[in-house]
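Down below are the structures I want you to see.
The following pair of complexes shares a single chain, chain A, combined with chain B in the former and chain C in the latter.
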Partner chain A sequence: MQEFINQFFDVGFMVDHFDEVLEGFWVTIQLSVLSGILALIWGLILATLRQLPGKGFMPVRAVTIAYIDVFRGIPLLILILIIAGGVPALEFLPESLRLPQWFGKPDNFWFGVLAITITYGAYMAEVYRSGIESVPGGQMEAARSLGMSHGQAMRNVILPQAVRKVIAPLLNDFVALTKDTTLVSVIALSEVTQVANDIQSETFNSSALVLGALLFLAVTLPLARLIDKLIAREQGRFTRGAPRVEAL
Partner chain B sequence: MEGNGSGAMLSLQGVCKRFGQLEVLRGVDLEIKKGEVVCVLGPSGSGKSTLLRCVNLLEPPEEGDIHLEGRSICKGPGSGSGEKGWELNFVRQRVGIVFQQFNLFPHKTALQNVTLAQEKVLGRSSAEAREKGAELLERVGLGDKLNEYPERLSGGQQQRVAIARALAMDPHVMLFDEVTSALDPELVKEVLDSMRKLAEEGMTMIVVTHEIGFAREVADRVVFMDEGVIVEDGPPSQVIDSPREERTKKFLGLVLEH
Partner chain C sequence: MRKTRLTALLAVFLLALASLVVAGCGDSDDDTTASGGSGSGGGEALTVGSDIPYPPFEQGKEGNYTGFDVELLEAVGKAIGRDVEFQDTSFDTIFLDLARGNFDVVASAATITDEREKTVDFTNPYYISEQAILVKEGSDIDSVEKLSGATIGVQQGTTGQEFVEEEVGTDPRKYPQGPDAVSALQNGTVDAVVIDIPVAENAVNASEGLETSTAIPTEEEYGFAVAQGESELLEELNEGLEQVIGDGTYATIYKKWFKRDPPKEIETATHEAT
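The block that comes next holds the complex of A and B.
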């Protein structure tokens, strides 16, 4: 039993390595927040492209749907390896793109951001789409009948309602994204997994990895509660008796 | 409003509309003069709503021609159902529509519902739009509800906001698509009163309705539709009180029975 506790829950060991692990976790947070924001924006762009009306935009819609299908269908880990191994070898790119060192962050940080944004943009596009499609068709008609263009109607009428409905599922995706940032350790980014794993390799003690996991919980548990609250609030909006015939 | 000579405000010639195999409009001819109030009656599925939706190009017709203030709004039928062949801007700036389901923007207050398109489409300043919006909401009896969200308003109040929202664009023609059908009976009157006032002020109106009493009292003309064509067209005293066509008689018999 003591051996078990020493292996996984050695508090003294955790305290000794706390600064190192926390430093790694700080990289994880930066990676998560930056990729999360970019994926939110990229997903919204994809969802909007997917909803463009008329025959003329058919190719745009087709390309967007293909993109979403492909990147939801391939593992993030493979994408990370493809980008990190492939982009630096593209000699025709300027060095600032092949080996980006922006804002004092190493290139593998940026490759991670790129891969996560590409993949989670596709996931989030689908979440936005479900939100857009849950807005009754009468809303678009009303906006268009007042003379708004499709773009104006999307921006002022459809998207504000759609986004409000999908904040909870988007946050859900963000939690998943945060956990998936650990995959970037595979290209040797010193985020929390990489740091704690190195400690384990040197000391044969897993407590640093457990500490990393606990740090994740410190972020993801409050988010889970927040998501629950948002869902309850959204449901409250419906049960308060607003006459939204089409929505029911 | 700039009058466009003495010609018809709106004229439809041989308008046809299909949804797949279903022929909803099968050659509709209709002329409406400036300031005229035309009520359209007919059983459900007769094409009344589709007719309105053709006029403001929410459902562009497949055949036939529609002239608004003397100008054809169907640039070459057969140009497809895309938006290119249609005079969308010309039409939407002149034709307002009110829907059965109100379709208010739920994330905007009553006043914001009325100001949004004024600012985005007509380019009015927000002060100008708010002044106009408040004035219109006052006119439909909602001067005290400017900052309420739609979910806090009754159906009748929501529908009056929708009327104010359409009027804010200074339309020359107003279309009403069964605007009282989704309302509780006690709320119907307040909406009809707003419409009656509008008619008295000289607005050109096409009103699809099941309110026979309203049609009899307010309409200059009543049109009876069935199976995608106009069966009878004349003053209310004729079409409602002494219909000539069998189909009209039968329908009115069913509606007026209870």
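The block that comes next holds the complex of A and C.
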């Protein structure tokens, strides 16, 4: 038992390597927040494009649906490897796009942002869509009958209601996103997984990885409780009496 | 009606899951018991952990592995009357896995280091190595000094990584497998790769536009590794290695993979297990 604790939960070891692992986790946070925000925006754009009415917009809708299907259908890890291996080899791109070193962050950071945004944008688009479709049809009819165009109706009536409904599922996807940033370690980004794994291969002790996991919990657990609260509040709006979901 | 159908489906699913688990458990038990014994059985296969591919030391597809390490260990195995079975595994946990008993031997172009000696035991050296700086043809990184300031790729957990971190003083890009670092060099993501000479030379031969600019004499020796305490197996392997070197098989295998004669030092290189 003592050996188990020494191998995985050596607190002294964790303290010794805390700065190192935290530095890696900071990269993880930057990657998560940046990709998350971009994915939220990109997902909303995709969802809106998907909803454009009328025959004229059929190609737009078709392309958007195809995009969402493809990027929800292929694994993020494969996409990361394709982007990191393929983009630098595209001779026709200027160097600043092929090997981006923007804001002091290395190219594999930006390839990670790109891959995650592309993929999670697709997931979040579907979440937005479920929100949009759950807004009662009467809202759109009422807005149009007041003289609003489709675009105005979406912007002023439908989307505000839709987005408020899906904040909890979107946050849920965001939590998944933060964990998926660990995949970017395969293209040699010094985020928390690679740093902790490195420490493990040098010292043969796994406590740094456990420390990394604990750092993740420090972020994901409060988010999980926040999501519960949001769900409870959202349900409380439409039911009288006790909420159906218990918020801790 | 619906409830019973649901429970029936659930029962079938759990049964399938359970049988998978049992089958899985059965297999891994076989692995450890067949080879974990104290070595007196003739012909019991040794499971060998290796990070494949790492040409020219280990490469090929499952069931068809080949390379210097593979052929040499097979020859050693033949000399001591044991079959060897190579298994692909990832390098950065390979010594931990060996210490835990996942394999009997590790043969993975592994350098003998003090740090690793704390967890595993090594045989006498079977290869004397140097690191090389691998660059694109025409690159101006032609010495260790020119490495500082460049983006360097290495394989995670290797002595190449150690060299860059300690001697050059920078943080290299650490890739899960050797060939990943070479790909990164080819598409320009890194400026240079520090990796074992034979691997570098193999990359130069296998693709266009690369060259090895400098050899870094790090005086590294590769050994086969066994878990600590497996002194009988260690002795057997050392005896087999000595025999293979003595009867010329070693030189034949060496010439096949490295296109030159082995250094004389290999005949007398020894290593005390701590």
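We take it that the second predicted complex is superposed on the first by the 239 of 248 C-alpha atoms of A that agree within 3 Å, B and C clash if a C-alpha of one lies under 4 Å from a C-alpha of the other, contacts with A are read in each partner's own complex, and residues count from 1 in each chain.
To be clear about the criterion, contacts are C-beta pairs under 8 Å (C-beta built on N, C-alpha and C of every residue); 3 or more make two chains touch, one makes a residue touch a chain.
Because the structure is predicted, anything quoted here is derived from the model rather than measured.
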{"item": "First, second, both or neither for A:D107, with chain B first and chain C second", "value": "second"}
{"item": "Which superposed partner A:Q161 touches (first chain B, second chain C, both, neither)", "value": "first"}
{"item": "Partner chain in contact with A:V33 - chain B first, chain C second, else both or neither", "value": "neither"}
{"item": "Chain B versus chain C as contact partner of A:A142, first or second or both or neither", "value": "first"}
{"item": "Touched partner set for A:R98, first chain B, second chain C, both or neither", "value": "second"}
{"item": "Chain A residues touched - chain C or chain B, whichever exceeds", "value": "B"}
{"item": "Touched partner set for A:I74, first chain B, second chain C, both or neither", "value": "neither"}
{"item": "Which of chain B and chain C A:G56 touches, first, second, both or neither", "value": "first"}
{"item": "Partner chain in contact with A:L223 - chain B first, chain C second, else both or neither", "value": "neither"}
{"item": "Partner chain(s) touched by A:Q194 [first = chain B, second = chain C, both, neither]", "value": "second"}
{"item": "Touch list for chain A against partner chain C, complex", "value": "84-86, 88-89, 98-99, 106-108, 186-188, 190, 194, 197-198, 200-202, 204"}
{"item": "Chain A contact footprint on chain B (complex, rising order)", "value": "56, 58, 80, 82-83, 89, 92-93, 96-97, 99, 101, 103-107, 116-117, 120-122, 150-151, 155, 158, 162, 165-166, 169, 182"}
{"item": "Residues of chain A defined as touching chain B within the complex", "value": "53-56, 136, 138-139, 141-148, 152, 156-157, 160-161, 164, 237, 240-246"}
{"item": "Residue ranges of chain C touching chain A (in the complex, touch as defined)", "value": "91-93, 95-96, 99, 115, 118-119, 151, 153, 156-157, 171, 173-176, 180, 183-184, 186-189"}
